[in-house]
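Shared chain: chain A. Partners: chain B in the first complex, chain C in the second.
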Partner chain A sequence: MSQELLIETELEDEVQPWEYLNSANLKRGQKDFEKDDTQIQNSTLQDSLDHMYNALSVPRAHTVKQNVKAYYQDGQWRSELKGNFMQTMGVVRNDWCYLTEEEIIYLVERGTVEPIWVKNGQEVTMDLQSVYAMCATDLVRYQVYSNLKRCGYIVQRYTPRECATVRKPWYLPTMFRAVLRRLDILNWFIFPAFTSSWLKSKFLTYSSIFESIRLQFKPQRQAAPTYPLDITFDVWKPDPRFTKKSPPLPDFQIVIVDVSSTRFPTKNQLDDLFKRVEYQGRSQESLSEAQGGAKEKKRLKDGSNCVLFALVDNGVINYMRLSQGNLSSANVIPTKKARGPTQRTTK
Partner chain B sequence: MSKRTSLNAKYPHALPVHPIALPELILHNPISWIWFTICYIKSFPTVSRTVVQFKDGCFAVDSPEEMMTLWNEGFFGKGTMSRSEPTWYDRTQKRLGLGEFKNLTIEEITILRREERKKFKRERAQLEKKQKELKSMGIVDPFIEERLKLKELRDKDITIPLERETFIRPEDDVLVVKGHLINIEQLQLQPCEVMFLEFALQSVTVVTDGVALSSNQLLEVLWPTKSADDSFIVKYVVYHYYRSLGWCVRSAIKFGTDFLLYNRGPPFHHAEFALHVVPNYNDTQKNTATAQDFTMLSGLNRVIAGVRKNLVLVFVDIPTQEEIDKAGSFQDILSLYSISEVLLRRWVPNRNRD
Partner chain C sequence: MTQASPISISVVAGQTFLLFNIDDIKYVRQLGIVGSLVGTLPAAPQQNLFLGVPLQLMAEEALWLVEHGYAKLIPDDRFIRDIYDHLSDSDIMLIERELEQTRQKERSWKIQEHQAKLDRLGVTKRGGSNDKELIEQGLTVVVNNTPSRLPSYVFFKRLYEESDILQKNLLSGLRKDTLSYRVFSYLKSTGYYMAPGLRFGGRYIAYPGDPLRFHAHLIVNCVGWNEDIGLVNMVGGGRLATGVKKLWVIGSQDPDKDQNVQCFSVEWAGFG
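Take a look at the complex of A and B:
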């Protein structure tokens, strides 16, 4: 218990604190159930168990009026137009809400809809197992979908959008700085690097030394990947104002990968993804000119054009965030000029 | 004096090549203009030259002054008997009670920190034991004051002892000649570091068996195969690129990858980025065959994140062998390569929701 105050540990998968089930503020706890055989610990454990059983023992049911039926007909799932899930799931056409495979499994798993198979005019109520058999064509995709949904996210299949390219506006200060740099006349007497006369150059600052030895790489090849990767889902953070009719740009875009059969993407595949990815705040990343301090640090660490990978290993999911780095924009060269007496070690 | 300014004073040079130092220019004093101009014309960058011995496949610097020069001016190399900065001489002098009392070396600071940490853990264990006893009697945690004290102990900085304890071992006889300690430590340099110092900064002379090697001879030693995806050349491109941007680049073998990037150098900041070099071929088939493994990268990322650094995959575009063979100078060869970065980190749904 003393560690709780002293050491801030971050926990991601904590046990459901059942005793708080009815209170509004669910708190993240500390993993501290090393058994110490004290009365206090035993009673806390027992209390939690009792709360859990109490919560589970309440019959979970809904009234007939609230019952939502989803029909499977002609290879499509459609549900009646009622229920909260409609706010973020499915597509409404002709007074029906059409659902994707992962949406229907998720809703049936949760008990939100009653699945019915319509065949030759007859309606047969299905059980979860038969819904699985019919719809779980891509189990890996469903696993990621349900994991994100259960974490509270809004998830939809990826739809390509028209990429709005943002052009970097011309800033007067940057122009001014560029002109000033040219005017830095004293830095003109610099001999080409990697030659013996280089050491006779009139370097006034460390940045002029560093700049002079910088390599001029040839422009990068931009070949299209032979196997482009698919973005699978658009993901939004939970937002009550979300409308599926006119969704805002997603917060994340996610690529699903089965690690048993796939290796890490090649650079071409990644570049292609970075080019296509579209999410909120993406256009601002490249505009940020933050220099120095925490802002620059964050910009360097976050990179730009981020894309998420859901790595699935036989049902276990791990998410990886990939983005384009730009460490060359970091401001790490000491600006102070070497002034005053310097040690003469030249021979 | 703040920590930053004192560090800047201690390590004023970012490279063994220093920019020219000019006198102050006073606008309303024309004589200072003339003096300024004369100084400008007459002065050249100063270079701290060092001699690197190449023997048995290792690059090492012997002279204590040159070792310190390479460490202080850009943090090159590693002391063969120290963690990174060559401090063996200072530490041993202190241990044997010779010479003046000098500041603590990083190794000594680490030992002191560990002791403080042990003390803290002991105290915490005691408090926990007490708590448990009380808990079994049905009393929950009255130790607010003790906890605060414990917290203080945790955050306390080390106290530097002013007395030194001498400790002499029988084998020390060999080390002390006429009351003076002889230095047996060397500064060992990585191949990339030697090549950079030689080729880009022209500040070292590599000597093997008493004969100085030219830049081309050194390249012959380090890159005999001349193959486009040889690990030396691929790593050197990355090393040179980040060095020329001003980062201090050091080996990251301790963290299971290729390079660490320091802002300024190890005494200034902890390394923020760990680079994992990945070759990228023009040939899709070869690329797919050599593609990285998700499991390995996830593991590497956990290690890097565990030491609070950020993993960067540095993709190096490999030119074709014909292009390499055609290119003349080493500089031309280097510019055939190019570099791009991909940042990789773990994403946790529960922590990105709001």
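Take a look at the complex of A and C:
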């Protein structure tokens, strides 16, 4: 019973016994409900602890052959041009690969590069604690970064795309707009005589009537939020064809939120954010409107814009996906083939 | 294991409390402070289930350790910079020499191994320069957890630990008068092991013993004495907690009366 109930929680939601680190497939370990002060319980706990400490004590090391040195000088990290990580990380300039703070901590932590402090032309190998001290200006950001990297994703700091054209809203002169608005109000009084759909329609089918009474949504113009949210990372699924120089549109975009200091985003903040998001598949979503069936359902469920929030509480990370539902664009009017009571199936 | 002198907690980026020394991690674990491992495990870097050094402490955990005299706080950005800035040329030579010594040991051990292997295989041709090159390439480069091997480490550590003004300054940022800390230390005093509560939508989760062996019992929320709990919160929290076989707990304290923290638990009855 307890197993069935608990199976719903994620593996990562529970602290796992470290014995399972060495087993080929990671599975849920057995745990007890409460202390019974038996010898066997104490010794299994001690076993678990010993496994954990042993795993922690494995030195962070690589061979001379694999050695890549990263130098810290004038507040900047640069590494030799060597190693697989360069395919997705760093920026190459003047025969050096310049690394961001989260990139260098990650690479040092997993034992890929050797951090070097340069002083008067002499070199001293640094350690993990020193690297954290020198570059952890935002540890929450680093923790999300490394969590995603360990999952295998390609992660880079968010950069607004230059090539993307920002569609500027087209403004009519103010007076002309005012006149139009008046006409709009008129429509309500003499409805539906002045609407274009009424003039065109013959009202021979249900769908033409539905079409004529369909609500027209206009996007509301809003003031920019006082505290706009920032997109922190662009994230790509692992892809061997990925190039740093001309990355494709990211698969996801991530906003990092520290739960201790932030409230749920306001509608204003979200709208502003949705205007800026750019990821793969976003443009296709609006194109595939005409397609029906399962795809349509998925499109409605996924919404038109989406952004991932990484919520961080003292090193524990939760991901949350917020997207804009676009029910209004759904084609709900029954077509000739499928319409009315003839379609209804009885059970 | 008892430790004569207090351990040092690294304060990174002004508000994050980290432990890099594995002995320190073992020590606080015996005191019932678990923290969360947040680093990549070098032995298995492509997974998120088992993580490694450093260990991140909640502010409450750090404060509890300092208050009970088990730990001191060290501002790592200044501490580390001081250590490296005070490295003299002779220090660097000394480090270099020590490194060369360990490398020499590894080298001779590797050569021995290599010879033994050749003997076993019955190969008589010896001493190719190729072999030497291969052995040289196979030597290990180690990146330590802490800078404890640097000469001025002990001096600066003591300097920061014994500066009362500095310790007081760092502590004042921790605000021990908050309700959440009082709830934390109350539950800690009754023997619970505490962890951050985000996974189950609370302030903390509490375990009856070491989380490695036991499932959590409580999802703890801190609510001010005169603050509205919110019925919807209670129903939502209660249902969730019961669904994962835990209790939804609210802890609070009457600010007017000097009494203990009081805790109430909510269980979803599933009635009707």
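One rule holds for everything that comes next: the second predicted complex is superposed on the first by the 202 of 347 C-alpha atoms of A that agree within 3 Å, B and C clash if a C-alpha of one lies under 4 Å from a C-alpha of the other, contacts with A are read in each partner's own complex, and residues count from 1 in each chain.
Note that in this section contacts are C-beta pairs under 8 Å (C-beta built on N, C-alpha and C of every residue); 3 or more make two chains touch, one makes a residue touch a chain.
In this text the structure is predicted, and so the values were computed from the model without any measurement.
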(message) Going by the contact rule set out at the top, does A:41 touch chain B (first), chain C (second), both, or neither?
(response) both
- Message: Contact-wise, after the overlay, does A:210 reach chain B, chain C, both or neither (first, second, both, neither)?
- Response: first
Considering only touches as defined above, state whether A:49 meets chain B (first), chain C (second), both or neither. second
Kindly classify A:318 by the partners it touches after superposition: chain B alone (first), chain C alone (second), both, or neither?
both
Original post:
So, A:256: does it touch chain B (first), chain C (second), both, or neither?
Top reply: neither
Q. Between chain B (first) and chain C (second), which does A:63 come into contact with in this model arrangement: first, second, both, or neither?
A. second
Checklist entry - Regarding the shared-chain residue A:89, is it in contact with chain B (first), chain C (second), both, or neither? => result neither
Practice problem: Identify the partner contact of A:147: answer first if only chain B is touched, second if only chain C is, both if each is, neither if none is. | Solution: both
Chain A positions within both the chain B interface and the chain C interface are 2, 5-6, 12, 41, 147, 151-152, 259, 311, 318
Counting only contacts in the complex, chain B reaches chain A at residues 8, 12-15, 17-22, 40, 44-49, 69, 124, 127-128, 131-132, 135-136, 138, 140-141, 143, 147, 150-151, 154, 199-202, 237, 240-247, 261, 263-264, 272-273, 278, 280, 282, 284, 287-288, 291-295, 297-298, 301, 310, 312, 315, 317, 329-331, 334-354
Seen from chain A, its contact residues with chain B in the complex are 1-3, 5-6, 10, 12, 36-41, 147-148, 151-153, 186, 193-194, 196, 198-211, 213-221, 223, 225-226, 237-238, 252, 257, 259, 262-268, 270-271, 297, 300-303, 308, 311, 318-328, 330, 332-334, 336-347
Seen from chain A, its contact residues with chain C in the complex are 2, 5-6, 8-9, 11-18, 20-21, 26, 31-35, 41, 44-45, 48-49, 52-53, 55-65, 67, 106, 108-111, 114-115, 117, 119-120, 122, 124-130, 132-134, 136-139, 143, 146-147, 150-152, 259, 311-316, 318
So, in the complex, the side of chain C touching chain A is made of residues 10, 12-13, 16, 18, 20, 22, 25-26, 29, 36-50, 52-54, 56-58, 76-77, 79-81, 83-84, 87, 89, 92, 95, 99, 136-147, 150, 195-200, 208-215, 217, 243-245
